[in-house]
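There are two complexes below, and they share chain A, which is joined by chain B in the first and by chain C in the second.
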Partner chain A sequence: MNSLQNRANAVMAFSISAIFCLLGAIALSAFIIPTSPNGLVAVNSIKVVTGRYDKTWFDYKTRDNQFANTVMQIDADLSSLFHWNTKQLFIYAVAEYSTPTHSKNQIVLWDSIIKRKSDAVIRKKGIKNKYSVIDVNKKWTDIHANVSLHWNIVPYVGFMTYGHSQASEPYAFPLPSGIQT
Partner chain B sequence: MNLRQILTNSLNVLMMLFGVFMSYKAWGLYTNCESPLVVVLSESMEPAFARGDILFLSNPKKPIEVGEICVFKIPGRDIPIVHRIIHRHDKEATNSQVLLTKGDNNNVDDRGLYQELYTNKGKMWIEPKDVVGRVQGFLPYLGMFTIFMTDYPLLKYALLGGVGLVVFLYE
Partner chain C sequence: MLEYHIDFQGQNLAEQITQGVISIFGVIGFLVGIVFQDIRLSLYIFVAGIALTALLVVPAWPYLNKNPQQWLPSKAKAAKAAALKEQEATKEKIA
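Right after this comes the complex of A and B.
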């Protein structure tokens, strides 16, 4: 009955279930820790240029594709999202708009990985778009987009959670002026 | 050790294996996902996901949002990719979506990957039908076990041998 094998088996089984209960409790605790994130993105300038290649030299084959170049500023305090189960924050600025052909469009303009609580207060100006801002129809005529700051909390263990700030007022895209260089 | 004992033991082992398999498939039905558990194999999502981490997937009905991390397959390639959505364009009329992805640790988006095969020439987007699952949960390190098993097949045979021994020796 009380052989070495039985004892080792019982210890193993108990420690494994104890570890998984603890992990489950940590994962669920993320939902009850109060947070108060706030953030604001504003677009300071938009310029539309035409070109054949995007920022990373992807070839669009023709020369009349419209790329937008934006300059943004971000004011955000996300430090309350850092609790004991936060491995990192992934924050991203999103432009949202609708076009006659597509009812809902979202494009990431800029993103960043935050690994420390001290870096989670963001006051940045003059942020240029990190990715090519091009629509699926490759035209920006008559489009109004609002921008908002989104975040994704990546946990040490548990659930991926998402959140976002209030959307800004819509910005209009100007007519193309210049060529992508 | 008689035949009856061996047969009882093998029945127990089989019951356990089938029990695990059935719960896995039931979970797959519940999450609407063919493989609700995947192990991360690449470093393209560092520092969020490292090699050997386990991801829990599901396929909810609601449309895929920008910023979500998806596991998707490019037509003609067997190995699924885990990357983040950076563009989404929805057509409400046909209830269709086109998506662009990028790995957090990569410098460029995935269009180069989409078009790597000659048969995918001109592929600009992936679609929800290419998406195997959307990442909902995360468990670190434990997937290293399966990586070791595929890297060192000897380990796999040792494990199978261990199970075999239990069948023949356990009383």
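Right after this comes the complex of A and C.
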């Protein structure tokens, strides 16, 4: 601390140590802030249609792969997840089911990014699936799937944390009725 | 040239001020941030603490130079002075 440069260096060096402590405390504070998120996803209708896979897939030639077209509604209040260390939320509706060949299958039906606390109360109806809903076996017969709302909290500093709502009651997939356009 | 030295007690004081003020502003920033739920406020308070600390200790303020060290005279200078004294003594003897 003898010369001017020494003192400037000492101040900067100590402030870097201190800011890491501050950021660490902020990151850990996210675990003790109480949150009470709740969400509900309901599927209003499921329609199964047949069609081709995307043309990059090897079995483009077959037209009888079964796709499900779903319409759902979401009622969720995630505003309590927005605290001082929340940058944004990534929310996604997941359909989960099991088949004789695969015990756990999860398909993301819809997703969204929420950047403001005022947008975190979601009352949406008539949400169509954003992504193709197709099983590994390409058939939907005798499958019952439940849906739930998942969220991923993206912090300013610290750990990414995940959560999800309670799963809905299982929905049955109907027989194919129509051809995908 | 642009070194602006301070004395030993001043250096000790500057060290303590640096650690104390920055730490206190860090704690205040965290508490204010968690109360107002605003991470930006925390960081602004912390940066204000750094600026205040830099202002307090980086320039060589007089309060950091209150106890200047009294150094012994250099050996070369002492030898010269002794030689001069001897010369004068011999001159007096001759006279």
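Assume the second predicted complex is superposed on the first by the 169 of 181 C-alpha atoms of A that agree within 3 Å, B and C clash if a C-alpha of one lies under 4 Å from a C-alpha of the other, contacts with A are read in each partner's own complex, and residues count from 1 in each chain.
Just so we're on the same page, contacts are C-beta pairs under 8 Å (C-beta built on N, C-alpha and C of every residue); 3 or more make two chains touch, one makes a residue touch a chain.
Computed from a predicted structure; not experimentally measured.
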Chain A as common anchor, with chain B and chain C clashing or fitting: fit
Which of chain B and chain C A:Phe14 touches, first, second, both or neither: second
Touching partner for A:Leu28 - first (chain B), second (chain C), both, neither: neither
Dominant contact partner of chain A by residue count, chain C or chain B: B
Chain B versus chain C as contact partner of A:Ile179, first or second or both or neither: neither
First (chain B), second (chain C), both or neither touched by A:Asn85: second
Superposed model, angle subtended at chain A by chain C and chain B (C-alpha, nearest 10 degrees): 50
A:Val121 touches, of chain B and chain C: first, second, both or neither? neither
Partner chain in contact with A:Tyr156 - chain B first, chain C second, else both or neither: both
Chain B and chain C, minimum CA distance [Å, superposed model]: 13
Overlap of the chain B and chain C footprints on chain A, listed as residue numbers: 156-157
Chain A contact footprint on chain B (complex, rising order): 47-48, 63, 65-69, 84, 86-93, 98, 102, 104, 107-109, 111-112, 125, 135-140
Complex contact set, residues of chain C against chain A: 2-6, 10-12, 14-15, 18-19, 22-23, 26, 29-30, 33-34, 36-39, 42-43, 46, 49-50, 53-54, 57-60
Chain A residues touching chain B - in the complex, by the definition given at the top: 23, 27, 56, 58, 87-88, 90, 92, 94, 101-108, 111, 113, 115, 131, 135-136, 150, 152, 154-160, 162
Complex interface listing, chain A residues touching chain C: 1-5, 7-8, 10-12, 14-15, 18-19, 21-22, 25-26, 29, 83-85, 156-157
